[in-house]
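The following pair of complexes shares a single chain, chain A, combined with chain B in the former and chain C in the latter.
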Partner chain A sequence: MSVVAEQTAWYVYGVVESSLASRLEARVVEEGELAAVVDSVSLTVFGEEALEEHLNDRAWLETHARAHQEVLQEISLAGPVVPFRFGTIYHEADDVRGMLRARSSELAAALARVRGRVEIGVKAWAGQAPVQPAAAPSTGRAYLEQRLGAQERARAATAQLAEAARDSHLRLLSRAVEGVANRPQPRELTGRDEAMILNGAYLVADVDPIRHEIEQLATDYGTQGISFELTGPWPPYNFVDEGGDQ
Partner chain B sequence: MTHPDLRTSGAFSQRSSQPAQLADVLERVLDKGIVIAGDIQINLLDIELLTIRLRLLVASADKAREMGIDWWQGDPFLSGGRDGNGALEQRLKRLEAAAGIEGDGDE
Partner chain C sequence: MSVLEGPRLEEQVTLVELVDRVLHKGVTLTGDIVLSVADVDLVYVGLRVILASVSTLERLEAEAAG
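This part shows the complex of A and B:
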């Protein structure tokens, strides 16, 4: 053969139970009770060096991160899935089987944890505090007092927002099986004028109670300029790795 | 375009709903999910991805460069192309100070 066959590897999206695997229109690698949902990918794209290069290509990263999410979203609609982090790649199907064998109890426990549950994302946003127009200070002392007063108000406002975020998280937790408050996304990333004060993820069996709680929170905190946003349902990314946050 | 796209090489159809915010997707697929070592290691996985654009810019630029992740440098907004050199960093510090947030001293 003069043409070298393209080298491929196995990209793993996540793991499901074998019983679910047969109902998915997806490529799977099975081992015992577990099945990895996989794709065959080219090593010219997903090889170590190529990957490092691609990860710096924002368009590439966006396309493939979204693809990863969409596949997991599709699976999660069919049944419990343990989402793998982006870019988990094995050279051979046998390596995937080996992983399933070696991690079988951990994966089975993770599947049990998320069975019949979905992840809901909740963000709380604080609007910009209106700037009080102040009269120009006439003396140095007045200027200093004005500045100190402004600092004091800013501190109080920040404390109030922190308390609102904490209270919101606790109330949302009360409607969830589990929850985690992740680092709020910075403005440079959200592209919004409002500041994100809560970036929570909640594992729920039923979306309605948490949805109602969000509505209630929006009512309670609306006067403070805080608004809430629900995202998802997501595959349970935040609730499958014991080594993760918390 | 010769390289395969995960989305089209799989058998899954795309479900049409409003697309999730990219930041939310990246936060989850790059920073969450179970971490199991594959044969091919992505250094990227070791860091908190969502905040990559900022944290790397402000706090860990050298570490990021070491890891080969430097795409914010091509980002006119984050690399200061819009605000002028270093202006964003200062702006961030002001924002953080105003919000009572301290930079992470954990690296």
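This part shows the complex of A and C:
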């Protein structure tokens, strides 16, 4: 125990039921039926100003975002957890208790919503459309027609991908309790040649049916150059925000 | 990197994937709501920096696609 003059605060990872809290190795702050899983953090690192600076540091962000995820992942294996967004920090344990009291009904409802369920991520990727070498146009008119034809094909391809994404999402939804199609991540972030056309998250009680659906989708859409990727199970990040009006 | 031997999920988790969930999802206690509960004792960080950079990239993507 090093008692230093350093100012500390309480970082909240998420909320569980008190009954689960006693079985966790994590540090918790309890209030009634609920418990917040917390860590004591230094305000020199997690204070508002310091944090804003750190968020521009990719390595720092990655380390800490990963730590947040790892803590929640471990808890989610033990029982239902309501993940909090990264960077929710209170000065005093009493403030954490106050939050648990004030939000007890929403948090209890969120716990009920995710109990016995996990989040599965599904991404669909569209490969680059093969570029067909066209014969050099001999006239201005031929050139124009070629250009218009290419634009038309590009439009049709885009519409086809949108339809594939929509159909995939609906089919995945049919295997899930709930689902949400988030905004696909841009290439600049994914660093991949393929375009992400679906960035879905699905809340499921059983992983097998949705896994099977993904295999089926891969078969059905493989000929269009669309591939699917499953991630998770995740803690239910996408299914706990009461303001979830997506 | 990690001291712990990561669960299998970690292998496939990119930073973007993490940001997508850890920073964009989960329960958001926005300043207003919580400030009224905990007075000014909450340090809620809006992560505007990241959100701003992500939305910039999304705009670029939209322009590229459009």
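FYI, the second predicted complex is superposed on the first by the 240 of 246 C-alpha atoms of A that agree within 3 Å, B and C clash if a C-alpha of one lies under 4 Å from a C-alpha of the other, contacts with A are read in each partner's own complex, and residues count from 1 in each chain.
Just so we're on the same page, a contact is a pair of C-beta atoms (placed from the backbone, for glycine too) under 8 Å apart; a residue touches a chain by one contact, two chains touch by 3 or more.
None of the values given here were measured: they were computed from a predicted structure.
When the shared chain is aligned, chain B comes close enough to touch A:D39, but chain C does not. By the touch criterion defined above, A:G98 reaches chain C but does not reach chain B. Contacts of A:A26 after superposition on the shared chain: chain B is touched, whereas chain C is not. By the touch criterion defined above, A:R113 lies against neither chain B nor chain C after alignment on the C-alpha atoms of chain A.
Of the two partner chains placed around the shared chain by superposition, chain B and chain C are both touched by A:G47.
In the superposition on chain A, contact of A:E62 is made with both chain B and chain C. Contacts of A:Q185 after superposition: both chain B and chain C are touched.
Touch criterion met: A:R155 reaches chain B, while chain C stays clear of it. Applying the stated touch rule to the two superposed structures, the overlap between the chain B and chain C interfaces on chain A comprises residues 9, 14, 46-48, 51-52, 55-56, 58, 61-63, 65-66, 68-70, 73-74, 82-91, 95, 99, 103, 107, 110, 121, 158, 182-183, 185-190, 195, 231, 234, 237-238, 240-241, 243. Listed in rising order, the residues of chain B touching chain A in the complex are 3-7, 9-15, 19-36, 38-45, 48, 50-51, 53-54, 68-71, 74-75, 77-78, 88, 92, 95, 98-100. Residues 1-2, 4, 6-7, 9-10, 12-29, 34, 37-38, 41-45, 47, 49-50, 54, 57-58, 60-61, 64-65 of chain C are the ones touching chain A in the complex. Within the complex formed with chain C, the residues of chain A that make contact are 9, 14-15, 43, 46-48, 51-52, 55-56, 58, 61-63, 65-66, 68-70, 73-74, 82-92, 95, 98-99, 102-103, 107, 110, 121, 158, 182-183, 185-190, 195, 199, 231-234, 237-238, 240-243. Contacts from chain A toward chain B in the complex involve residues 9, 11-12, 14, 25-27, 39-42, 44-48, 51-52, 55-58, 61-74, 77, 82-91, 95, 99, 103, 107, 110, 121, 154-155, 158-159, 162, 182-183, 185-190, 195, 231, 234-235, 237-238, 240-241, 243-244.
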